[in-house]
Structures are given as structure tokens and as C-alpha cells.
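To keep things simple, chains are lettered A, B, C, D, E and F as they appear, and every chain counts its residues starting from 1.
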């Protein structure tokens, strides 16, 4: 307990993901007393053609 | 705010996804006053071998 | 198949939710050939104190 | 109704997934009166570099 | 590892949920070698007014 | 972009949730270049009777 799921554009490195998992785990332990051994952080790499914002897919966006 | 996640079989085209995102965004704006700029529509392309219905994986189904 | 999940602030009426479900279902049928009988639209009503954007919970935001 | 989502490491065979879907469907029917025809079991295959536990990505873990 | 999420109508008893969690855990251990100590089964109780199928909210359905 | 979902036991205070959202947002900005204005952190408060680990619901566990 608990479980954190991160949905974001694909393309980040393993290093970035490792640092992100560390910081999220630290925040969960510090602020909501999570038990690190059973705390899962799951990352979904989403292609730009599968993410719409403001009615527009990522492949059609500048940002 | 808000976030819509669509889980469906993989294989749809970018055009289909773009039209889907437009219509879902319009529906969210019209019916629940969503703010389009911060409305995310996330699509998960699921392979047929990862989707079961009525106890049977998609790869074993006719439909 | 498929499944759509909508995460949004709590407080919308049943009428708003019914109209939203109709339009999302229509969009899924029209654009990605979904089968309406097995298409689920699941709504999660999220309290403002459980939704952060730009680092701030909804209860601390004006919008 | 209802929908079950399984997040697990990638790498299981179609046979394993089929057996898993059968047992989960049976459990849902037996214990919570689910209707199998509209019961979806969706599997997300997650790469080891996208799954952190105890602050460490799967690619850095022994287990 | 791993994580199973069950979305279903609200109203099941704790006993039903306990039996369901046991069977799902057994299935995950038997078929995909899950480690029970870090296997989470999360249940979302969804009100009927928050679940649409075939374009109709649960509160408007007979089944 | 992106979206982070936190599933945890119900019972945390608004202050804990605000601090958690701040730290998660900071981690996402620092490590994966997230844009805070469109970064959502959604918290699901899960009752103990809806969370199983190691085959046992939270209401039957000591931890």
C-alpha cells in the first residue's frame, strides 16, 4: 500500500524514471506514512498520438 | 481538469483517434463544463491477447 | 469492448452524466467502431481536496 | 459490468493470460454475481524499467 | 508486484470482497507467479449513476 | 500533460494531501520536464475494506 500511477509521454530515460520513482516514494513516505516495501510506482509511457489535450492529439501540438 | 482514459483494442488510425478526442472533448465541455485547455484524453492501445471478455482473450474470440 | 473512464470533480447531476455517457458512447461507436452493448463508461467523482493541478489542491484554487 | 485491470511485468505467455482471465472471471461470477458477457479483464504489460517498488525500478532489482 | 483493480457496482459485502480478493490472489500466484506479499487488489465501488453501458446509466437500466 | 493517480487508504488530512501534491508536482517538473499548469495529481481515498494485500482485506490486517 499504496499505488501511484504516472501517465506521461513516452521518451524519458531510465535515469529520469529512477529519479522520479525515488522522489515520489520519498514524498509518499514523508507525507502520508507509506510503507516503501509495498509502495508501487507504475509508469505508463504514452505515445503522442494517444494523448489529446484541448481537443488535439500530441502529434498535432507544438508543446 | 478532468481526465478521460480510453482503453480499446490497438489498431485504430491517428485520424480515428483525433476525431474521437475532438468529440469526447466537445461532450465534456458541453455537458460537464470542462475546461478544454486542461482536459486530457489518454488512449491505451490494448493488444487482443491482453483483453479478456466472457472469460476469453481477444485472440480466441470471433468478434 | 472498450472501456472509458472519466475522472472529474464531484457535483454533476445524473442528467449531465446521462447526456455525457450518450455522447461518449456515440463518439466511440462512430469513430472507433465500438460495440455499444459491451462499452462501459465509468465516472469517478473526485472531491476537490483530492485533485491537484499546478501543485495546488482544488480546495485552494479559484477555478 | 464490471471491469478488472491487471498491471504486471511484461513477459507472460498467452496461455498464462488466458488461464488468468478464466480464473478471474470465475471468481467475479461466483463471489460478486458478475455477468460474464460484459465483464472485461484488461492486462497491462509493464516493462521492468517502468515499475518502481521500494524506490527502485525493476531493472535495478533482483526479484 | 503486481496490482489488480476491480471496478464494480457498489453494494457488495465485506465477505464477498474478502472471498474475491482471495481467489484473485490465488489466480495471480498460480498463473503468473505473483508474489502475494506485494500483490495489491484494489476495489472501486461505483454508484449506479456513475456507470454507463450501451449509452445508459445504471440507474436507468433494468439489469 | 501528465497525469499522476495516487491510490491509498482513506483518512489523510487535506494538509497531508496538499504537501504530497506539491512534492509530486516538483518531482515531475524536475525529473521529467512536466508542465505544472497541465499536470494533474488525482487522489483516490480507498476504504480498508476495499484494499487487499497478500490475499487479505485491510480490515483484517494489523498493518
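Here is the rule we go by: a residue touches a chain if its C-beta (ideal position, glycine included) is under 8 Å from a C-beta of that chain, and two chains touch if they have at least 3 such contacts.
None of the values given here were measured: they were computed from a predicted structure.
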item	value
Distance in touch steps, counted as few as possible, from chain C out to chain E	1
Contact-richer chain pair [A-D vs B-C]	B-C
Length of the line joining the C-alpha centres of chain D and chain F, rounded to whole Å	21
Between chain A and chain F, centroid-to-centroid distance (C-alpha), Å	12
Whole-Å gap between the CA centroids of chain C and chain D	24
Where chain B touches two or more other chains, by residue	1, 3, 5, 7, 17, 24, 26, 37-38, 40, 42, 44, 51, 53
Chain pairs in mutual contact under the definition given at the outset	A-B, A-D, A-E, A-F, B-C, B-D, B-F, C-D, C-E, C-F, D-E, E-F
Sites on chain D touched by chain A in the complex	7, 44, 46, 49-57, 59-60
Touching residues on chain A, where the partner in the complex is chain D	5, 14, 17-18, 21-22, 24-26, 36-45
In the complex, chain E residues that touch chain D	1-9, 12, 16-17, 19-20, 23-24, 26-28, 30-32, 34-35, 38, 51, 53, 58, 63
Footprint of chain F on chain B - complex, ascending	1, 3, 37-38, 40, 42
